[in-house]
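These notes open a run of structures that come right after.
Okay, so subunit A shows up in both of these, paired with subunit B first and subunit C after.
Now for the complex of A and B:
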């Protein structure tokens, strides 16, 4: 019974924790600009992330290693450190965008500029990590994150056209603004397959001491948690397509996105959006700060663990403190949060191979995985998606930069 | 009589996680040095936990910068002999107290500030 409850909680936390600044921003802009036509990108990203999350749990259960620790051991420091450094830098940008999302939620509520909130929000994230335990961070914020289900409810209240929604799952290029469409497609895939998600999941499996009896529950958590979670991201696209696109509102800033729930919930829709944005971004900022500190500590072999007092893992605690401070500085510099989010998501897609390819090699290495190595389907799905996302990103990011000048 | 065991140093020892006798993570095996003497087979002189040694594997200049950074908190290489290794599996356990070694210099320095 305890294990079933654990699996149920794992699924619920995956759903509640799925949405973050990246998913909200990319989905809102996709729905308002191109209707349902980018739903396929969420689907492609979701199928891939289901495989990656299941693989990361299986890897930690079978090998007893976290991914970062094992990649360094398998490839050696010299081959490991440069791609690792690039992924850390992108993580830092994503962390800034999550803090930015939480700050914008407070700006929407109070009217006070988001930069003013950068330090209080960063301090709140830091304090929760400093004082909290792993369960508080993971379960607490994800349970609060269930408020994001309001987007799913809105889809039913608004009476969306299901046949049109179905067509959105077939990839197609629009007649206008194709470079921006491709840029949004990779940003959505980057937001869905965020590497911090599976690095965090792998560290969590070690932190929660998962043994071989968790192999099957791990599959259920990955499949159900990620599938239901992605339904929320799809719902944001649908709601934005139904409520914003017909009025010619193209989401360039969170303030415009905040209008999307009004037709479904009246004035409460505004507060629901603010709560969903704030909680989702706060939860993601906590996970990202931890995931970055986990990675660095595991790369250099330091003591790590959110359940340890900061004094007992001083370098680990110092790492997340510095990451949060650096991310707050990016916001204080005045970078527009929505733009920062979209670019950091596209960059995430571009550097995905740096995290995923070494991980795939490990998943096929019998020295680590024994008889639990990957099957052909897992390898094929992940290689196809990551290669596709990286190639589109390589083309779309320069075009987007040129187009915005 | 036990059967001699062959250990591939680069595959199974280099970059492996090091724990002390209390199972505290100390760092990684960042370097391995062999002792070469005339007429004798090479033998492992020492293994080391030393971030600067790891960075040197990327290039001399990186190693130099890392050593200078290390000097800021009084860090130094922590070297140990093979005879101090208690266990070698997916990790390596050394018969020392991590708190008393140079591998914990930065940890101690940060802890003092908390």
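Now for the complex of A and C:
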């Protein structure tokens, strides 16, 4: 019974923790600009992330290692540090965009500029990590994150056209603005397959001391949690397509996205959007800070663990403290949160191979995985998606930068 | 004044080439945003703090674009929200709708 409850909680927290600044920003912009036609990108990303999350849980259960720790051992520090550094930099940008999302939620509510909130929000994230335990951080914010289900409810209240929605799952290119469409497609894939997600999941499996009996529950959590979670991201696209696109509103800023739930919920719609944005970004900021600190501590062999008192894992605690401070500084510099989010998601897609390829090698290494090595299907799905996303990102990012000048 | 601004936008739009398509789309989007925000505000569905900052952002975006004249009616809407004058905001929306 305890294990079933654990699985149920794992699925619920995966759903509640699925949405973040990246998903909200990319989906709102996709729906308002291109209707349902980018739903396929969420689907592609979701299939891949199901495999990756399942693999990361299986890896930690079978090998007893976290991914970062094992990659360093397998490839050596010299080969490991460059791609690792690139991933850390992107993580930092994503962290800034998550903090930015939480600050914008407060700006929407109070009218006070988001930069003013950068320090208080960063301090709140840091305090939660400093005082909280892994369960508080993971389960607490993810349970609050269930407020994001309001987007799914809105789809039904708004009476979306299901046949049109179905067509959105077939990849297509629009007749105009193709570079921006591709840029959004990779940003959506980047937001869905965020490497911090499976690095965090892998470290979480170690923190929660998962043993071999968790192999099957791990599959259920990955499959059901990610599938239902992605329904929320898809719902954001549908809601934006139904409520904003017909008026000609193309989301560039969160102020525009904040209008999307009003037709479904009236005045509650505004507050639901603010709550969903704030809670989703706060949860993601906590996970990202931890995931970055986990990675760095595991890379250098430091003591790590959110369940340890900060003085017992001082360098681990110092790492998340510095990351949060650096992310807050990016916001204080006045970088627009939604632009930062979209670019950091596209960059995430571009550097995906740096995180995923070494991980795949490990998943096929019998020294680590024994008989639990990857099957052909897992390898094929992940290689195809990651290569596709990185290639599109390589083309779309320069075009987007040139187009915005 | 609001009607004049709309007229200016329409005339400019009619004379624009392909290169300006993106700017036109952007101006259309921010104008639509301003109208939606003001409509929801007059119905009491969004707080004044949000309406003011969203309208200010819309006015700023329009002022920086190809059609700065389109920012004027949005700035008037922002002023109406600042004064909590829902009747004035409704009047402006009616004028824009004509």
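Quick note on the criterion: the second predicted complex is superposed on the first by the 405 of 405 C-alpha atoms of A that agree within 3 Å, B and C clash if a C-alpha of one lies under 4 Å from a C-alpha of the other, contacts with A are read in each partner's own complex, and residues count from 1 in each chain.
Here, contacts are C-beta pairs under 8 Å (C-beta built on N, C-alpha and C of every residue); 3 or more make two chains touch, one makes a residue touch a chain.
Everything quoted here is computed from the prediction, not taken from an experiment.
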Please determine, from the superposition on subunit A, whether subunit B and subunit C clash or fit. fit
On the A-aligned overlay, A:375 touches which partner chain: subunit B = first, subunit C = second, or both, or neither? neither
Which of the two partners, first being subunit B and second being subunit C, lies in contact with A:73: first, second, both, or neither? first
Once the two complexes are overlaid, how big is the angle at subunit A between subunit B and subunit C (Cα centres, nearest 10°)? 140
Where does A:159 make contact in the superposed view: on subunit B (first), on subunit C (second), on both, or on neither? neither
Partner chain in contact with A:63 - subunit B first, subunit C second, else both or neither: first
Look at A:266 in the shared chain and tell me whether it touches subunit B only, subunit C only, both, or neither; answer first, second, both or neither. second
Superposition result for subunit B with subunit C: lowest C-alpha separation, Å, rounded to 40
Across the complex, what residues on subunit C touch subunit A? 21-22, 25-26, 28-29, 31-33, 35-37, 40, 44-50, 52-54, 57-58, 61
Can you list the subunit B residues touching subunit A in their complex? 10, 14-18, 24-28, 30, 49, 51, 54-55, 57-58, 90, 106-108, 110-111, 114
Subunit B partner contacts - residues on subunit A that touch it in the complex: 63-65, 69, 72-73, 76-78, 81-82, 300-304, 310-311, 314-315, 317-318
Considering only the defined contacts, which subunit A positions touch subunit C in the complex? 107-111, 176-177, 247-250, 252-253, 255-256, 258-259, 262, 266-267, 269-270, 403
